[in-house]
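So, here come the structures, one by one.
Here come two complexes built around chain A, the first alongside chain B, the second alongside chain C.
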Partner chain A sequence: MIGQLIDGPLWYFSLAVFGVGMLYRLYSILRAGVKPDLAPPRAGGGAGALRNLFSRFVPRRDVATRGRLTLIAGYLFHLGLFALLFFAQPHVDFLAERITGFGWPALPYWAFIISAELAFVGLLLLWLHRLLHPVTRLLSSVDDHIGTGLVFLVMLSGCLALAQAFEPLRLLHLFLAELLLIYFPFSSLMHTFTFVFSRGYTGAMMGRKGVNA
Partner chain B sequence: MSHDFAKGVAALESQIDSRVAAYFSSCVHCGLCAEACLFYTETQDPRYTPIYKLEPMRRLWKEQHTFWGKFAIKLGLSKPLSDQDFADWEELVYDSCTLCGRCSMVCPVGNDITYMIRKEREGFAAAGYTPPGLQEATHRALTIGSPMGVTLKTLQAALRHVERNTGLSIPMDRQGADYMALFSSMEVVNFPEYIESVACIFDAARVSWTISSQAFEATNSGIQIGSREAAREIVGRVVDAAESLGVKYVISPECGHAYTAIRWEGPNLIGRPYKFEIIHILELLDQLQQEGRLKLSGLTETPLTFHDPCQIVRRGGVIEPPRDLLGKVASGFVEMADHGEMNWCCGGGGGVSANERAEGLRLKVFDRKRKQLEALGVKTLVTACANCRIVLEEGIEDRDMDVEVIGLTELVAEHLAAAPAASSTGSE
Partner chain C sequence: MSRARIPYRAVTAIQGGVFILFCLIVLLPMLTPTAARAQTQTNESERAIPVPNPSADLWREVRQREGIVAGRSQVAGVDSGTLINPYGETWRNFRMQQLIPYSGYLLAGVLLLLTLFYFILGKIKVDAGLGDRKLFRYTLYERTIHWFIASVFLFLALTGLILLYGRPLLIPLIGQEGFSLLASASKEGHNLFGPVFAVALLLIFFRFVRRNIYQKGDLTWLLKGGGIIGKRHVPSNFFNMGEKSMFWLLALVGVVIVGSGLVLVFPVFGQARITMELAHVSHAVTTVLMIAVILGHIYIGSVGMEGALDGMTTGYCDLNWAREHHAQWAERCEQEGEVVSESEVSSQRGEAAGGPAAPSGMQESGQ
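After this line comes the complex of A and B, so read on.
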């Protein structure tokens, strides 16, 4: 009974909350509006926005040195999670069956394991840093910890369910993922989408001034 | 100064646009901005983390623009923004931020934190939580015309000295001149050699220029304190003077925030584009030498480096002109490890140098520049902002360093190919 609920209605409900909530958050950002800049630009804002969208993936030298731990852990976590989410065989099969209708090549098992290990190491380092460093400890809110905790539990249950031999573990993993989807639009996890706006806005303004932001 | 919490909240609320909403939505509290801020790196005080300085604005955004924020306030789980928050954050917002913009360059999600702090100051100014030093400077700017109390008579006295020293005649209120020059109070009072250099260079390059008796002050305390109304009034004076004289260009002086005020914020403050163009003095000098009108000779062999004024370089986009000019007059020019758009601030921008209360902190964070200079080992520091220059000189004196600070325009003037003719300047 619970299994059917998790596999059926709850999945569609969480997906709907995620989709509608995410779109509403993006709409609420755009709704606030931006006044047009009347100062004559030195260069194009569009090119600056596009450049900043990608250039921020590479850290500046100074911060790459001073914030080395955050940056390395951040890369490990995000790259590992991206690989797991979109290229783990069970996820490819699940997404093909439930959403896209088509599949794509998945990671070999060994690559899956490496991705999972990298993501775990990255996430735990970031979480420890958040708890122990005076700056991140001061900045962090309950939301930051709930988001990190949920992602950790989803990843952990996913690894436990890897063999797909034990149905309750698969259901637990799916249930936690559904909780994460429901929580997502109301949290700082929204940076997954809103970073495009942030980088774009800053890149456009700095681009108009002729500065590579 | 009296406090008006409701007015402050209303002003802060009006500052929340799409950019601010996107920035707060994207922040994951990674703390990397702290590593780019000299107030944090030199004190290790986590409260000086740039994004933390925005906590009052973030809380207001959360209360008004997010589900959990509204929900938590209704259930009493979270306290709404209070008058005490303004009081508690005033020092962080004004004393420990120079609006240098370095944090905005390193944020992984691309947040322009400086843009938000500039906006947050609008709320603080409306609420009446501003440093007395900045309040007085803004009051003088609005009533006397200059944050340092420089009047037309003071300027005229300085110009008479320049005329005596150079044998040139400084053009005032010349209708139809190509360029109208602005100066900062700091230049008039502390560095009149800048005005002298400009006069000599313009005479040598046969530049048609003038100074307006109605608007010669370039600095804008309204931008620093966060008062859009004051900033608009100050910019408006320059616009009125330039348009009544019919000039093609207004020259922003070396002063950094004056450039941001007149070049980038000005048209948005008055709500329309200008009928003239703004050019920074370094852009103009570089242009003149590239066109062959400004002929330079000889090279200074002394090893020297350049301190990039944040508002001219990182926040203003005038990055290559100072380097081009230094290349023409100095053979021993070397860059600091972090330079150009990633320079470190002098510690006195954004109104901090006008804020007496912040002096101790400003001198402490000067250590960042001291370390940069000691790593390079040069004894001559060139800059292009009168405010940076005075702040650097005070820091150097405080640390008993053997470093000389000189202005770039003066250095260029020292290398003019021919001595200025003792004739009237400003005629094509």
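After this line comes the complex of A and C, so read on.
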């Protein structure tokens, strides 16, 4: 009964909340618009936006030195999670069956495991840093901890279900993933998409001013 | 969204809770299901109908008594020419008859000892009392990697203990189906987090190795039992002899744990079954030893000693605590003017409004 609920209605509900909520949030950002810049532009904003979007993936030297732990852990977590989410064989099969209707090449098992381990190392270090650093601790809201905790639980339950031999473990993983999907649009996890807007806006603004930011 | 502040008092309470919870998890299953197990065994023996195995003589011949007898086989692979590995039975008997009961007694004994220690001696107080002057003890990076290895270790210890003691202790409680699910989850989690522990161990080793090299005065600390013999505190440096010995024990034992764990989790490098059996035995023995030592470490850090946890949560320790437990280090810090007031620490941590700015020597973000 619970299994059918998790596998059926709750999955579609969480997917709908995620899709609608995410689109609404993005639409709200776009609809808010920006103040008109009355100064004559020195260069095009588009190029600046594009440059800023990608150049920010490489940290400045002082940031890379002072925040080495968060930098390395951040990359480990995000890259590991991306690989895990979209290129683990069970996820490829699930997405192909439930959403896309087609599959794509998956990572070999060993690479999938290493991705998961890197993601765990990164997530744990980042969460501990958030809790222990006086500044990030004060800046962090309950939302940040719930988001991090949910991502951690989804990853952990997925790792516990790796044998794919017990239905309750798979359902637990799916249920936690559904909770995450429902929570996602209302949380700071939206930075998955909004980072493009914030970087693009800053880059465009700087580009128009002729600043190589 | 409202901002959440997690006070370190709460963190301290959580640490104490974690220790008690850990003790309960380890101890309870060892005490409760004995009667249930005996009853189950009696029922099983009553139900069993003795049926002689018609192939017993054949297999006895195949077994060829002692030693591994390898024949020829078309099947490629390690051990493919060996029909029966007699050491498997030796390993199984060791696991069931020695490893599980004796390691259980060891862990239960350590927990009992710590409980007695607590009820007889209580929490070791700072004689001069906790004051308002602090010393910076651990950087953010050091605290982060400490809690990183702590969380990974707790997870591995819990899942490992489920795998080791689950069959005799948990099946009577949660049944075979429940245990098979729990064991599968524990095995997968244990295997996945094992290499993460290796990373954490390396980070800890390289960060703390310099401060754990033995120095003059360490032997005196040992000879006086760290202050247990006699009534005076024995002066020590940043780490005392006990802490240094624990560090080296854990480093060496950790290498065995990680090495044997990798042999077990990656059975694709041509290791034979006997290698796996030896790896399992060394893995189990060393991890039980490590859990026993870490129980003592958790005890001291949580409910055993006043002021011991502060350095690992806030980064700062009390000056009086440092004078009593790490006198040589505290003296050097005082001579170099590294003492800061509690208000300075609170201000720097953003826990109090106003207050003087933190001195430049306070390294919160030291990585």
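Convention: the second predicted complex is superposed on the first by the 213 of 213 C-alpha atoms of A that agree within 3 Å, B and C clash if a C-alpha of one lies under 4 Å from a C-alpha of the other, contacts with A are read in each partner's own complex, and residues count from 1 in each chain.
The criterion applied here is as follows: a contact is a pair of C-beta atoms (placed from the backbone, for glycine too) under 8 Å apart; a residue touches a chain by one contact, two chains touch by 3 or more.
The structure presented is a predicted model; accordingly, all values stated were derived computationally and were not measured.
Peer 1: Taking chain A as the common reference for superposition, should the pair chain B and chain C be classed as clashing or as fitting?
Peer 2: Fit.
Peer 1: After the superposition on A, what does A:F120 contact: first (chain B), second (chain C), both or neither?
Peer 2: second
Peer 1: Going by the contact rule set out at the top, does A:R98 touch chain B (first), chain C (second), both, or neither?
Peer 2: After superposition on chain A, A:R98 lies in contact with neither partner.
Peer 1: Have a look at where A:F197 lands relative to chain B and chain C in the superposition and call it first, second, both or neither.
Peer 2: A:F197: touches chain B, not chain C.
Peer 1: Taking the superposition as given, does A:K209 touch the first partner, chain B, the second, chain C, both, or neither?
Peer 2: A:K209: touches chain B, not chain C.
Peer 1: Thinking of the overlay built on chain A, is A:D143 touched by chain B (first), by chain C (second), by both, or by neither?
Peer 2: Both partners, chain B and chain C.
Peer 1: Per the overlay, which chain contacts more chain A residues, chain B or chain C?
Peer 2: Ranking chain B and chain C by residues of chain A touched puts B first.
Peer 1: Applying the document's definition of touch, where does A:L38 land relative to chain B and chain C: first, second, both, or neither?
Peer 2: first
Peer 1: Between the C-alpha centres of chain B and chain C, what angle is opened at the C-alpha centre of chain A, expressed to the nearest 10°?
Peer 2: Given the fit on chain A C-alpha atoms, the answer is 110 degrees.
Peer 1: Examine A:R66 and indicate which partner it touches, taking first as chain B and second as chain C; both and neither are also allowed.
Peer 2: both
Peer 1: Report the closest approach of chain B and chain C over their C-alpha atoms in the superposed model, as a whole number of Å.
Peer 2: Minimum C-alpha separation, chain B to chain C, in the superposed model is 5 Å.
Peer 1: Mind sorting out which residues of chain A both chain B and chain C touch, each in its own complex?
Peer 2: Common interface on chain A, chain B vs chain C: 66-67, 133-135, 137-141, 143-144.
Peer 1: Within the complex, which stretch of chain A touches chain C?
Peer 2: My answer: residues 66-69, 113, 116-117, 120-121, 124-125, 128-129, 131-135, 137-145, 156, 159-163, 165-166, 168-169.
Peer 1: State the interface residues of chain C toward chain A in the complex, per the touch definition above.
Peer 2: The contact residues of chain C facing chain A are 1-6, 140-141, 143-145, 147-148, 151-152, 180-181, 184-189, 192-193, 195-196, 199, 313, 348-350, 364-365, 367.
Peer 1: Residue numbers of chain A touching chain B in their complex, please.
Peer 2: 25, 28-35, 37-40, 42, 52-53, 56, 59-63, 66-67, 70-71, 74, 130, 133-141, 143-144, 186-188, 190-191, 194-195, 197-203, 205-206, 209-213
Peer 1: Would you tell me which residues of chain B are touching chain A in their complex?
Peer 2: Checking each residue of chain B against chain A gives 16-23, 25-32, 34-36, 40-41, 44, 46-47, 49, 51-52, 65-68, 104-112, 115, 263-268, 271-273, 277, 314-317, 319, 338, 341-342.
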